[in-house]
Amino acid sequence: MYSFKNDYSEGAHPEILNALAKANFEQVEGYGEDCYTTRAVELIKQQLDAPGAAVHLLPGGTHTNLTALAAFLRPHEAAIAPCTGHILVHETGAIEATGHKVISVEVTDGKLNPAHIQAVLDAHTDEHMVKPKLVYISNPTEIGTIYTRSELQQISRLCRAKNLYLHIDGARLGSALCAAGNDLRLPDLGELADAFYIGGTKNGALLGEALVICNTALQADFRFHMKQKGALLAKGQILGIQFLELFQNGLYFDLARHANAMADLMKKAIAGAGFEFLTQSPTNQLFPILPNWLIERLQEKYSFYVWSKTDAAHSAIRLVTSWATEEAAVAAFIDDFNTCIKKG
Amino acid sequence: MYSFKNDYSEGAHPEILNALAKANFEQVEGYGEDCYTTRAVELIKQQLDAPGAAVHLLPGGTHTNLTALAAFLRPHEAAIAPCTGHILVHETGAIEATGHKVISVEVTDGKLNPAHIQAVLDAHTDEHMVKPKLVYISNPTEIGTIYTRSELQQISRLCRAKNLYLHIDGARLGSALCAAGNDLRLPDLGELADAFYIGGTKNGALLGEALVICNTALQADFRFHMKQKGALLAKGQILGIQFLELFQNGLYFDLARHANAMADLMKKAIAGAGFEFLTQSPTNQLFPILPNWLIERLQEKYSFYVWSKTDAAHSAIRLVTSWATEEAAVAAFIDDFNTCIKKG
Amino acid sequence: MYSFKNDYSEGAHPEILNALAKANFEQVEGYGEDCYTTRAVELIKQQLDAPGAAVHLLPGGTHTNLTALAAFLRPHEAAIAPCTGHILVHETGAIEATGHKVISVEVTDGKLNPAHIQAVLDAHTDEHMVKPKLVYISNPTEIGTIYTRSELQQISRLCRAKNLYLHIDGARLGSALCAAGNDLRLPDLGELADAFYIGGTKNGALLGEALVICNTALQADFRFHMKQKGALLAKGQILGIQFLELFQNGLYFDLARHANAMADLMKKAIAGAGFEFLTQSPTNQLFPILPNWLIERLQEKYSFYVWSKTDAAHSAIRLVTSWATEEAAVAAFIDDFNTCIKKG
Amino acid sequence: MYSFKNDYSEGAHPEILNALAKANFEQVEGYGEDCYTTRAVELIKQQLDAPGAAVHLLPGGTHTNLTALAAFLRPHEAAIAPCTGHILVHETGAIEATGHKVISVEVTDGKLNPAHIQAVLDAHTDEHMVKPKLVYISNPTEIGTIYTRSELQQISRLCRAKNLYLHIDGARLGSALCAAGNDLRLPDLGELADAFYIGGTKNGALLGEALVICNTALQADFRFHMKQKGALLAKGQILGIQFLELFQNGLYFDLARHANAMADLMKKAIAGAGFEFLTQSPTNQLFPILPNWLIERLQEKYSFYVWSKTDAAHSAIRLVTSWATEEAAVAAFIDDFNTCIKKG
């Protein structure tokens, strides 16, 4: 049984494990004040071309979102998110647990646009309602779609005009930045967003997300917030070592490209066989719509999520590739897929 | 410069790194539903002799305390802690951030006793005050002292009589259980506490704490709380693998014994030279009271915290050993210490 | 300018003011432990035929909802509400500020039904999502519609089957219970809901809402929650005196009947002139859809909210009557309305 | 049985009740946007000589403190309070429930001084601890003592130097400002504090506290916070009418002077009989230390709190007077007191 269930089934890229082993007995300062973290942070800032940014390494994605939003927002301020947004659906109310409402916007492609945001602003007119203050988007979205540079610029422009913060969840950011059709570069994010994070967990690290706070007004005392939320690991060096490894020779992007390439092979095979997809994803998550009988056959040898029913006889499934996905496994899947179809 | 500053300066015990590397490419379920976590949890329950306990693996200590207390307490309920308690002093208000007051009890040895707890209950008489509901203690305490079995039994008895939960912070539990004079065993904790955690970060793991919820009434839905607080790592297996390694062949206790033995060597040398200690610690943290000139000399070759001034000419310092402390470094320290004294 | 803007423009019914003045110099216990509150609570329990209920008097509606939900829910538990629900829209994130998500259900008539609730349950399947635990409905709804006994029974039945709490916001409960077509009685609420409140502010009191906690499992320590949220007034007697006055001779229902009768006069006149309404409201809030020119004319002599645009030339307005609405003012409004129409 | 238990046993001063009755049928805007509130706010700002201050009327004291502190503090920031502070002891963890720690300072007279505050700052050195950000004091204190102008200036100066907010709980502010020995005037508070409130509930109103936010940086969006915490009464005019009545002709201070004068009569009688007091209170709360047998006798005719045991045979009691305390009752008490003593 090979798993295309998610991009966190395996451990870390071997070079990361090696780096951890190599630094293992070196005595370093605790709580992220070690030399590895310092170097990783500097490296990320260089690659962002954002010397004024603050970069912090946190253990996981939900943890990063909740720590950041709790730090950024005052009690009556709310976030705006597309209905598929991770903070809205799959973080067990983590943002609300810090006291803030997340306002849901109905979308079908996982993406917000300025009109969505403006509509929320228009609906929130006085102190009897929360004050929308932060726009949360994910790139890629939770359903694999990506934002173009122009789309992000438009959102950013509106946010600045309306005094809203723009926070980008980059749990799978590598996959977005390496996707076919992407025209966003890392420095664009530093320029357009107030904060965003570069996901490590889903792209080769054991754990770890690099939160970039671009807006200097949001940077003060951030380590207090991290500590308060349990996000300041005593052995912070294990995050620093990993991000240093991911960013010093482009490994982060190599891994993302591999994941995307594996997905692309599957996408072409499935599309080639005449099937549609629930979403247009150039990233490492695919949502093909398949007949239920075919899904059942594939489940005999592969694990993946059945995402949603699309009609009585069909469902969308989610196939996820990662840095660790073996090309042979993808080839086998395609083979099995085609065989199943022929047999009918 | 050798560091005796804390027990999280180095990475993980090599066997743990090996185990992580060995399992690295195995595809497992995410979010702690992997086979390693399952086995680690079962092993811990066996060693506790507590089949009804619930065991969860979380990333860090503050994170564990805040997730547990937020889950256990209703909004008006408060924790009682000694004035040196980690949740009271060194967690940046993490418990208060989940809505709960922590009531401080003045103590000098870091330990609570039933009289302290009863005094708090006596002072909280009606709905104009919080309702004390949970007793928080650390074993060993933040200043190295430990609880005897009898002391813990007395606290536990009062807690049960008064309908209070007993939560034990075991960030350095291994050191306490392996200390000279200790008569507590792991199963005693399962019997006497409502919840406690077994610290991994400070005893050989890269990160990770095993929270044991003994009281079945507190077990429901705990994974919801973990997720909400960002404590459910996507690659939960990295905690499972580490705890399995720590507990399957007694490595956890071997490492704690080593840390204690290293501290003991230092303690004997310092006491032998006629110095007093701020606290009576049989564990891996020592608080010798030394003349300031001596402290300055030692700081030339060793790093450690100066804990508190005891008079104009003396201060208490904190020396911490760990699983990774090299015996040669300890010998060198003792040598240097004795040399300094002779020179005067 | 006469106001039909809301039902809290005036002070209190004169009998209530008299009762306050009469008791003014009597020395009573503070914080709601006075004899008036005790008697009011007993009276309400009798009229509910619910000797086991707990009744508490709180200052306002938002305050009551937030205190109750914070007391009833554990951190990971969420409320389900129709999209028009007061807690969802017009309480500035009060529920989220206590840590809980409110799940929105799209409806057009302001009302939830079992299918809506079941759909939310179906969508919340594991610990990565909040746990729906409480159903919030308002009767009458924020747009004037009411629940029948049978509708409420069906919701209650599902809630009990699924272990959900049913909380009813009764800010305008009097108006619902006295509405044409209503078949719910006060004791039905005690039987079908886990908690509900009887609104005083909008039905003749200066301020005050009576929260009825029917479910004994939710009653413990409620005064702690009230105090913590600032809802335990030092001079609690001013709430007790008012509710005693409202309930001892049926004044509460007399006032609601008056408000409804005034609305009914307006409704008949507007409908008689051939206009439609946005919602079918038998209560003290009406939402007629009028041509914009007519609205502008009416605004010269009357104040009211323009609720929503329905097309380029029409809008729905909100007309609210209350215990204090003068029959002469209603007659004048109808007159003016008809005159405007004739003039065109 | 006459009560000296507290200053909220009776209703409101008759002029206030008259004013409420007089305005009763006037239609006004809701939620504190009525003309009475506007006028009361203007009047208070004039009397403060602080045109830039923001003044808001809230229902009660705990409610005011929690709304203000939640609005003023970021998540990691804490308040400093004397150990007797109302927010620390008698608000059921209301501040912690909004996420903030309150740091307790041991004092015997209920008052903070700059040295206390500096000691807290010295102890909070990094991000592992909360960040002290707000100094909370009460004037008069919970045990009847008052701050001189010079004392308050010193605290204010330190707060400004250290970037701390100064918040003054004035639940009984009238009594402090009218006390013998007081040299503080209302405008001094506006100048020295960042925020303070003028208590109405305990000085003649049915309910209501006027929060003055002097620091313009803390004023933004305060009505959002009020609404979120349930502190924006629909019939806000009932607070406006009361504060207008209290401040337009000096009634507020007349009532406070009466309360103080009544206390002073009792104080002189008790002191004249040779008894000591637990605290030096020139305000409306007295804490005489009396033999237990005498306390028992007095309890036959008077109700009051027994505050604390001072030795085996003596206890301190609390006697509270108010605007409503009858001079005849005070005379009777003194008589009975003297008679008891003579009888022995």
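Here the chain labels run A, B, C and D in written order, and each chain numbers its own residues starting at 1.
Operating definition for what follows: a residue touches a chain if its C-beta (ideal position, glycine included) is under 8 Å from a C-beta of that chain, and two chains touch if they have at least 3 such contacts.
Note that the structure is predicted; figures quoted are calculated from it, not measured.
Q: Specify the chain most distant from subunit D by Cα centroid.
A: Between subunit D and every other chain, the largest centroid distance is to A.
Q: Distance between subunit A and subunit C based on Cα centroids, please, to the nearest Å.
A: Here subunit A and subunit C have centroids separated by 42 Å.
Q: With chain centres defined as C-alpha means, what is the inter-centre distance between subunit B and subunit C in Å?
A: Here subunit B and subunit C have centroids separated by 51 Å.
Q: Would you kindly tell me how far, in whole Å, the mean C-alpha position of subunit B lies from that of subunit A?
A: 34
Q: Could you check subunit B for residues that touch two or more other chains and list them?
A: 75-76, 91-93, 97-99, 127-128, 130, 224, 227-228, 232
Q: Have a look at which chains touch which and call the overall pattern line, ring, star, complete or other.
A: Complete.
Q: Using the touch rule from the top, collect the residues of subunit A that touch subunit B in their complex.
A: Touch list, subunit A to subunit B: 2-3, 5-6, 8-12, 14, 17, 20-21, 23-30, 59-64, 66-67, 91-94, 97, 201-202, 206-207, 224, 227-235, 237-238, 324.
Q: Hey, which residues of subunit D end up touching subunit A in the complex?
A: Subunit D residues touching subunit A: 31, 70-71, 74-76, 98-99, 127-128, 130-131, 221, 223-228, 232.
Q: Where on subunit C does subunit A make contact in their complex?
A: Listed in rising order, the residues of subunit C that touch subunit A are 75-76, 78, 89-93, 96-102, 104, 127-130.
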